[in-house]
Amino acid sequence: MSAVSTEFGIAAPAIRAGYWSGVRRRLARDRVSIVCAAILLAIVLAAIFAPYLGLADPYLGSMIRRLKPIGTPGYPLGTDELGRDMLSRLIYGGRLSLLIGLTPVALAFVIGGMLGILAGYVGGLVNQCIMRTADIFYAFPSVLLAIAISGALGAGIVNSLLSLTIVFIPPILRIAESVTTSVRTLDFVDAARSSGASAFTIIRVHILGNVLGPIFVYATSLISVCMILGAGLSFLGLGTKPPEPEWGLMLNTLRTAIYINPGVAALPGAMIFIVSIAFNLLSDGLRSALDVRG
Amino acid sequence: MFAAEFLEPAEDVGGPAQPLLEARRLTKHFIRGSRLFAGKRAVVRAVDDVSFSIVKGEVLSVVGESGCGKSTLARLLIGLIEPNRGEIIFDGELVREALTLRVLRRRVQMVFQDSYASLNPRITIEETIAFGPKVNGAGNATACKIARDLLAKVGLEPNDFAGRYPHELSGGQRQRVNIARALALAPRLVILDEAVSALDKSVEAQVLNLLADLREQLGLTYLFISHDLDVVSFFSDRVMVMYLGEIVEIGTAYALFQETRHPYTQALLAAMPSSDPERRTAKPPITGDPPSPIAPPSGCRFHPRCAYAEAVCSVKAPQLGPIAAGHAVACHMAQAGSGHSRAGQPLQRQSLNA
Amino acid sequence: MLDAAGAKDAVTVLVDVRDLYVRFTGERTVYALNGVNLSVAQGEVLGLIGESGSGKSVTLRALMRLLPEHKSQLKGSIAVAGRNVLALGPKALRELRGPVVSMVFQEPMLALDPVYTIGQQIAETVVAHEGISHWAARKRAVEMLEHVRIPSARQRLDAYPHELSGGMRQRAMIALALCCRPKVLLADEPTTALDATVQIQILVLLRELQRELGMAVIFVTHNIAAAAEICDRVSVMYAGRIVETGEVSQIVKTPLHPYTGGLLACSVHKGHRKGRLQSIPGSPPRLDQIIQGCAFAPRCSHAKPACRSGEIPMVQLSDWQAARCILVSERTLPRTH
């Protein structure tokens, strides 16, 4: 490895750059990532500031105006099976859907990351215990596991958040452990140990900076999966309950309308699709930006 | 005030006659594979019953090829690994008993081989060097001052280099940072694990000169691990040759290079490429690769590759025994009455040139 | 080959590189090669000596067009066995690599595919280039392994790279490189990563194989002693240029260029004990811009103002030695010993 870069005769470069500023620069140059980030930002901001956007009441239905098509005056994206404005329900629905998509991954990142780094650094029996426990959960297909835990805990948003967090801890834990193990064998960690530092200090100063990048990238690639699983749970009646707007639930309730007004019935699915793709592409871009040495 | 305290090495306890470090019967075996589901476990006998001592102020070199155990030995001496058996005595105090590991860390430090893995790529080199003092109680300001002083000492201008990252340095500069990091806790013994092996020749010369200067200025003792015999003969006072986890020969540099008694040492010397195009090596001194330390041969571990091997060599393992003042060899040929037909005779000079 | 009087026979020149410039683009611009000229005749071993950043590995890779296509720009002419390498299309390039020119790398673990046995890798190469049957290719693989002195060659055919020791792996890689009987062998530091006793075995092996097969060999190394073991002629590279070229015994005994002299002076000589090592002050130049004048001038104790501007030509001192230094015609540098 060192043969490749020293072959270019590095002596004293003009731009002094740390690793993270280099990452920021590369990301800023990646147009795909910028576009995706912009789209996601727009959706998130719209969801947060929904009450101030002058939208129709998402809960107010009208039996006369059911399943109006896209482009109806006054209802830009049509109405659902109970006559509620789709645009408003989609934007308000973003609140719950994004919450259900992001929170479990964030929690799993913290919990799984910590456990994984611990297992990777300490090794031995502790590592075996943690990893084999994670393996037990990992052995179940994520959908079934989510359904099983949700079903056991009961329906509702908090329970589905909990079950999704449990589903995503093992994969993040695995990645964290694997990356930590590979960093731990490097010479500079040995040098840190030989200066008498405690395990905690070594992890904080030397391990974290080298390990958080890959774990974070992996976690962001799980967001889309989490959104779809969350939508799936709502679809099955295990997550959000009507009349709350949430994209997965909306897919369920609009199921029967697919022959009458397929455009409107597909809209919640389209939102899930757009947000998932955007997160995936952003995660890809992040991985490329983090990947370059120095 | 704190800075001065940190840059002072620990006091000499035993006086000049006492060895700075004494290793007694050090043994370290690794078990390959999982411990849980063990059928026939492979045991890697990395370091096997090794005893030697390091004199205060000297440069003792350790020479050997892959699998000889020199890196494991280095890590044992610095306390990164615990030996299965044996003791380490630092300036008269038993390590892990009278001398805690924490204190040992202030006495013995290591310079690693240059590679991207020797420095944390995410922190500046000032932070790298200041880490040791900070961990041992120095305040932020003190630790940074120590780091800057050391950067100047190793020939890197602090204002220019303190804020740089490892990828912005050349190989030679990285090695200087490695040396500065090792000196940050003011050790008395510095272990140099192939510290100059990965460097270009001109840079290697610069770093070796720096190491010689630092040794004089700071009163250091070096354990110099290397595979380059030319550098070893130039730099060391005494030399120790290891093979498959054991010491096969140890003595002054002069004795080892001019009065070689072990066939392996002789082969190592003969294996150096001749820099004279008119006298090229016609035949390699030994064939085959260095064997793996998992299942070492019976008796003398070198006997399968030894040109002088006889029946006794595969049966009985020779002990490391003195043959002259300060020169010890583990070979049946060196010990009279060992059962070897050439016992007591010095080695012939092998002629391998075209 | 050279006869006793030192004059060359009229043999085929198999590698002819003229005015080769290589520039790497991308995040950083690097002027890796700045006008390289070299030639290797059939049956001759040329050593390329240099330190990191000198461009020796880049030169080798350029000969086989192994440099990354998008990031590298090549200018000049490269002729290997009569073929203009820079103008070859993909199919012709595939036919060049293997039967005509082949390479041995520094790290066999990285160059051999870990999921195929070495027998499979050698056989696959032979079948791809010569179209013979798989059974015949396997037979050739055994021959090659025996040729490189791997014991129990037949059993080793079915070994994976990780099951072999370092020296065996390197021999396997040499067997792989030679299996299609190339005319030119490029060796990129093949012994640097090996233990001392194995290194000398591989050097002797390469020398014997080269004599048997009559190949032209370019041997890249930073170790002058290794070059002395195996090479007939040697070219010293610095900052992407060749600064001295000549017969290996001439270079080692009477180097002309100050850089070569400095390199030889700072290696530890046998019997040299204690004291200070001579070293070359400073460090190699950055290659992110074109250097005016002599690239070594900032570090050279003999530098004159004339050294820092203009193009420094290669001065041919005799039939067998040339150096890129304007001071050469005035005096030679004795080897400091």
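Every chain is named by a letter (A, B and C) in the order it is written, and numbering of its residues begins at 1.
We take it that contacts are C-beta pairs under 8 Å (C-beta built on N, C-alpha and C of every residue); 3 or more make two chains touch, one makes a residue touch a chain.
Predicted model, so just to flag it, every value in this text is computed and none were measured.
The busiest chain interface, judged by C-beta pairs in contact, is B-C. Among the remaining chains, A is positioned farthest from chain C, on the basis of C-alpha centroids. With centres taken as mean Cα positions, chain C sits 32 Å from chain B. Per-chain Cα centroids separate chain A from chain B by 49 Å.
Between chain A and chain C the centroid-to-centroid distance comes to 50 Å (mean Cα coordinates, whole Å). Of all residues in chain B, those touching 2 or more other chains are 170-171, listed in ascending order.
For chain C, residues touching at least two other chains, in rising order: 52, 283-284.
Looking at chain A, residues 6, 10-13 sit in touch with two or more other chains. Those residues of chain B that touch chain A in the complex are listed here as 36, 75, 78-80, 101-102, 105-106, 109-110, 112-124, 127-128, 131-132, 135-136, 160, 163-171, 178, 181, 184-185, 198.
Per the touch definition, chain A reaches chain B in the complex via residues 1-2, 5-6, 10-13, 16-19, 128, 186-188, 190-198, 201, 205-206, 209-210, 293-294. Across the interface of their complex, chain B is touched by residues 51-52, 165-168, 195-201, 203-204, 207, 222-226, 228-229, 231, 248-249, 252, 262-263, 266-274, 276-280, 283-284 of chain C. Within the complex formed with chain C, the chain B residues making contact are 65-66, 170-172, 200-206, 208-209, 212, 227, 229-231, 233-234, 253, 267-268, 270-278, 280-290, 292.
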